[in-house]
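First subunit A sits with subunit B, and in the next complex the same chain sits with subunit C.
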Partner chain A sequence: MFIHNFKYSLKILFRSKSLVFWTLAFPLIMAVLFNAAFSNIENSENFEPIDIAVVKSDDFEKNIIFKESLKFLSDKSSDKRFFDIEYTNLEKAEELLFDEKITGYLVFEGEDVSVTVNSSGINETILRYVSDEIKSIGGLTENIGKERISELIMSGNTDIDYERIFTNISKDIINEKQNIKDISTENMSYVMIEYYSLIAMTCMYSGILSMVLVNFKSANMCAVGKRSAVSPVKKIGMIMGSLVSGYVVQMLCILLMFLFTIFVIGVDYGENLPMTVLLSIVGSLAGLSMGVAVGTLVKKGDNAKTTILISITMAGCFLSGMMGITMKNIIDKNVPFLNMINPVAMITDGLYALYYNEQFNRVWFDIISLLIFTVVMMFISWRGLRRQTYDSL
Partner chain B sequence: MNKKVIEVSGLVKEYKNLRAVDGLSFEVYEKEILGFLGPNGSGKSTTINCILSLLKYNEGDIKIFDRKMGPDSYEIKKNIGVIFQDVAVFDELTVYENVDYFCGLYIRSKNTRKEYIQSALELVGLEDYKKFRPKQLSGGLLRRLNIACGIAHKPKLIFLDEPTVAVDPQSRNNILDGIKKLRDGGATVVYTTHYMEEAEQLCDRIIIIDKGRIIAQGTSDSLKKLAKIEEKITVEVSGQAEKLIPKIKELNNVNDVVFENGLLVVSYGGGSDNIGDIIDLFRSNNVKYNKIYSERPTLNDVFLELTGKELRD
Partner chain C sequence: MTVFKAFLKVVRNNLFMIILYTVILVFFAVINVSSGGGTSGFEDSKPAVAIVNDDKTSPVTKNLVDYLEKNSEVTDVKGGGEALNDALFYREISCIVYIPKNYGSDVLCGKEPELKIKSTGNYDATLSQMILSHYIRIQNVCAKNTETETELIKNINSSLEEKTDVNVVSNIDESALSRASLYYSFASYSITACIIFIVCLVLSSFNERNIRKRTAVSCMDTKKYNMILLLSSGIYAFAVWLVYNILGIFIAGDVMFTERGMLYILNSFIFSISSLALAYMLSTILHNKNAVTSIVNVIALGSSFLCGAFVSTEYLPDWVLAIAHILPTYWYINTNDRLSHIETINFETVLPLLINMLIILGFSILFSIISSFITKKKRTE
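Right, the complex of A and B next:
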């Protein structure tokens, strides 16, 4: 009976034009559109280092935080270079600014830093932003430094090299800051963010398959469901056969999605492709379970349920940053719970972590979260899945 | 009398503010076609759904093949076939695949299934449409496919819930002939309809239902006796017929005379060959008419007599 249901469910799914469109064609179309829309933007936005000047003075030499930060941000061997810096005097800096050879210059007076620019634009904004960031690091360094000095004094150490302590802390913080930026999505390519969201969306669309299959087995949903319900076969057995077929179809969609994006569009998923695929496989399970929940809990027609499911998925994609990565950061910062229960966010978060290669704990956390989500969805659907007799039809 | 196949006693089904089935009790006997006749919303489909354990019911007992019927009564379900009012087939599968899928829920052996499917398709006249998809079929053919899906596994008990709604006359006759063949093959049939002609033509016994209650049951002939009409004569009058009405009322066995829009309808409570008296009366009074015909009472007359409303109201 399992094979009978499995075989016919496969036939139904493969021959349903709307299902094939939503689960297979739509993600591929989106992939092509993303490629066309974002790859050019990305190429045109390759970051060129900003020319700035720093007015040399004793105050600058004493400001270890700024000195180390600017050294790091102008390191010519680094691919994260922000600035090309000319260390000069005030007159020369003004002349360079006047001749528009630099975006702006920094002047140090005591602990204060002033930024001088002569126009407003992206480079000027970046210069001001970086300057403010470095200042905030300075405050942090001071606090940590005070703590470390107190610890040294408390332990009876009187021979304290204050300058060395502050230099080390500054370096630590600058490096840490850089690491923090690495694991956020700020530095990630637009196109990769979109592809990751697309994978997550494709995973969640497996819900449409399971929802349709559950409907076909439920007497309160459609005439075919009534016919199945009066047959001498346990409903849960029939549904399981169908769901396995839905999952097989979904795996095929995921496979085609990866093949298409890798070999046709040329997306590079990096060294962790197997883990990326694993995350998609588990993500599809979560999508499938969400479809089962909508199928059993929502007492509406097929079209209404599909609309609900697509709306939930698109809302999930939006909150996880598909339409702008800032949204994910805002949610993570202000309403982290929302992304903790958002399966799309779980998938994209895992994929972002894989992109940075070293975040396997985070990936496993996301995989476990997705499995928990799946179990919860199946649990709340269980009564509806087993139900064979109704109050009304 | 044949063995009881279905026993329903005191069945009550209530929705929020509506008692859809109100204490129904009846039996269905082996190898008979039982008709459930009633207007839309009278509780026919609800009763069938309760019997099949698709719907929960508030009170009553239901036994099928002498065993209590419930949602997990898989042994009973093996011998039941159901044709619902709405067409229940998959648009994505061909005619053959649809029948095979539903038959496969009952019959595991592929070879047996092949034979059964062939026989079901022949019964409904779809053997030439095996590879067609449902959307390629006309409404009538689609209804026939719906029937084939419900009976291919050769059930002993078949429920047909208004299977001929919106079907052309040719398909309707084909369907009705097929149902008779099923009965002749040994199946028991429960047939719900609001078409009285179908019930009369097809059913061995009829239960008339209204507002969830049985208002009459019996054979077609025994039910017609409840109408208190033996014959109804209708005359399409072209002359002045009003003056004839008092004279017609004086004739033997005349129950009622109605004259409306040029149609004179005379109802007789006895006898069945009264048309000669009416013709004589028209001739002797020199009143012209275009057409005159006699009808036996219908189940609609019975329904009208018992409820005061037409069956199709």
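Right, the complex of A and C next:
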């Protein structure tokens, strides 16, 4: 009987167009859309030299520190290039700013410098900071230079090359090394969270498969269910046969999802692919159990059950960062309980821990949480399913 | 009236989905557009930074921390190292600065002790690293030329006082306009989903074989029947547009009562018309009510991802934007983006926006022609 149920459940699942869409086609479509929308977002996030203009004038030519510093900061062979500079007149600089071709321009008047920008923003602040820094270097050069010159005069030295002293000091300050070591991890791609929530969503959609199969075995849902209810067959055998077929179909969907994202989209799941697959297998089990629970406990029509299940899944995806990756962090910080009972967040969190820090303890914690969720859902469903009797149907 | 009542019944039965799309829109709006009010002068951007300080007692270290607090948004992340790493990954902070033990005394000895940082590598992180390296450079130079701790701190702070004057030339309140643009661009998802979902459901119900046959043999004039159906759909689309614009006024504020605001409203109205025409076209193709949810999700999410409703168009690759040109959502979002940047409203600046709106109307006409062509073909079959 197990084999019989298994075989016919497979047929039911493969023949339903809407099931094929939600469990297989929809995640693949979402993967394509994610790739389209996010493929460039992290490149745009990386710092690129800022376009600025410098208004040429005699005052600028005299300001050696600014002139040399800007030359250094716009050196195309340097990895510390901050700016792409256009040296031009005021009219042209204004025109460039109006057309938003530059972030801002520098104007020199006497020893003073001013920055003109369109509005406040990150690039504008960076331009302002660089200008402040060069001014600070100028101030320091002047102070240290004065001290050195007075020392030389005090020591009786009369042959003093003032320009050389100031140039050397400013060069020393500009070349002053800052002992700052960047220990950031390489795995900082937050777009991966989008793909993780997509995997989690695919896992949870296994609930639709199990819900449809439970409906087929429920006497209050369809004629097949009525016939099954009056047949002299143990309900547990029937349901298990159906659920195993649902799980097999789900594994196929997960396999296709991985193949598609790895070979077509080009997602790199890192070295921990086996653990990622393990999390997906356990996550699918959690999704399957949630579908059984909704199918058993909700006493409404097929459409209402589907809407409830998809709504719960989508809400779970939303809270785990599918429609904005910061959401998961916001919930984890402010309402941690919500993500502790959210199976989508458990899967996403496990995948994130694997990717970012290889925190295996956290991964195992998430796997155990998913298994507990599965057991709880199955227990609730078992309580709801056992000894169901109907006075009339 | 019978037709209109049937329409309302379908709307009532699917109110849950309409509320869901609206709640998603409001949630998005509140999270993304609540920050900041308009400012007339220049305001420094302050990147969010976390500091792990193992040298709390030293005045030299305290001066560094004070400087970072003044120039960046120092965030207190509770929960230790793992929570800090999470905050960095999710861009809650752009940089973590680790200050080692005895940092202050080592600076005084001229040792130039090492500071470790972790950063996201984005623009905010570049700015925070620039703030830090600016301080360290000044600190190193001052440490070489001073003897005492008090003198060192005094010299550092006096050198850091140098500030450049910043002139802001634009008069537009970019903060309020970006709020309006973000809201209206995201609203394209909710408008498309709500209108297509309900109109397709209603029309596919009325197009069911038995119902169509019953209507055909009834005494109701076909022209009148079609007109009521069109009118009901129009009233529903108008109601959706109205509700989202009222929400828009709450979210974007006073800017909605300006000429610019009127253009946002007009643009969304024309976009609603194109969504209605698209819904009509789809209803002539779709026969299965179950397929409506799938189609709505694919069209609403697809056009939103491809045209810049969820991710700003400046981050989308060129090939995606090239494809997006064939969708009305692209022209709608393009108008919203342009509206937030144009300096003054006059015929010259508004003309490109009007052309965009005409293109959207062109799409509406195209959808209507296709749907009437399909309907005619079906009738003759």
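Definition applied: the second predicted complex is superposed on the first by the 247 of 393 C-alpha atoms of A that agree within 3 Å, B and C clash if a C-alpha of one lies under 4 Å from a C-alpha of the other, contacts with A are read in each partner's own complex, and residues count from 1 in each chain.
Assume contacts are C-beta pairs under 8 Å (C-beta built on N, C-alpha and C of every residue); 3 or more make two chains touch, one makes a residue touch a chain.
In this text the structure is predicted, and so the values were computed from the model without any measurement.
Looking at subunit A, does subunit C or subunit B touch more of its residues?
Ranking subunit B and subunit C by residues of subunit A touched puts C first.
First (subunit B), second (subunit C), both or neither: which does A:F258 touch?
It touches nothing on subunit B or subunit C.
Does the superposition put A:Y195 against subunit B (first), subunit C (second), both, or neither?
In the superposition, A:Y195 touches no partner, neither subunit B nor subunit C.
Quick one: is A:D332 in contact with subunit B, with subunit C, with both, or with neither? Answer first, second, both or neither.
second
Where does A:D132 make contact in the superposed view: on subunit B (first), on subunit C (second), on both, or on neither?
In the superposition, A:D132 touches subunit C alone.
With the two structures laid over each other on chain A, which partner does A:F60 touch: subunit B (first), subunit C (second), both, or neither?
In the superposition, A:F60 contacts neither subunit B nor subunit C.
When the two structures are overlaid on chain A, which partner does A:A219 contact: first (subunit B), second (subunit C), both, or neither?
first
Check the residue A:M30 against both partner chains and state whether it touches subunit B (first), subunit C (second), both, or neither.
second
For A:F72 in the superposed arrangement: first (subunit B), second (subunit C), both or neither?
neither
Mind working out whether A:M1 is in touch with subunit B, subunit C, both or neither, as first, second, both or neither?
first
Taking the complex as given, what residues does subunit A use to touch subunit C?
Going through subunit A, the ones touching subunit C are 17-18, 21-22, 26, 29-30, 33-34, 36-41, 44-47, 94, 97-98, 100, 112-126, 128-133, 135-140, 144, 147, 172-173, 176-185, 188, 190, 307, 311, 318, 323-329, 332, 352, 356-357, 359.
Note which residues of subunit B are touching subunit A in the complex, please.
Of all residues in subunit B, those touching subunit A are 15, 49, 52-56, 71-72, 74-75, 77-78, 80, 82, 84, 86-90, 92-93, 97, 101-102, 104-106, 108, 149-150.
If we count contacts the way the header does, which residues on subunit A are in touch with subunit B in the complex?
Spelled out, the residues of subunit A in touch with subunit B are 1, 4, 8, 11-12, 15-16, 216, 219, 222-224, 226-234, 238, 388-393.
Show me the residue ranges of subunit C that touch subunit A in the complex, using the header's touch definition.
Subunit C residues touching subunit A: 16-17, 20, 24, 28, 31-32, 39, 42-45, 82, 85-92, 98, 112-127, 129-134, 136-138, 140-142, 145, 158-160, 162-170, 172, 174, 290-291, 294, 297-298, 301-302, 305-306, 310-311, 314-317, 320, 341, 343.
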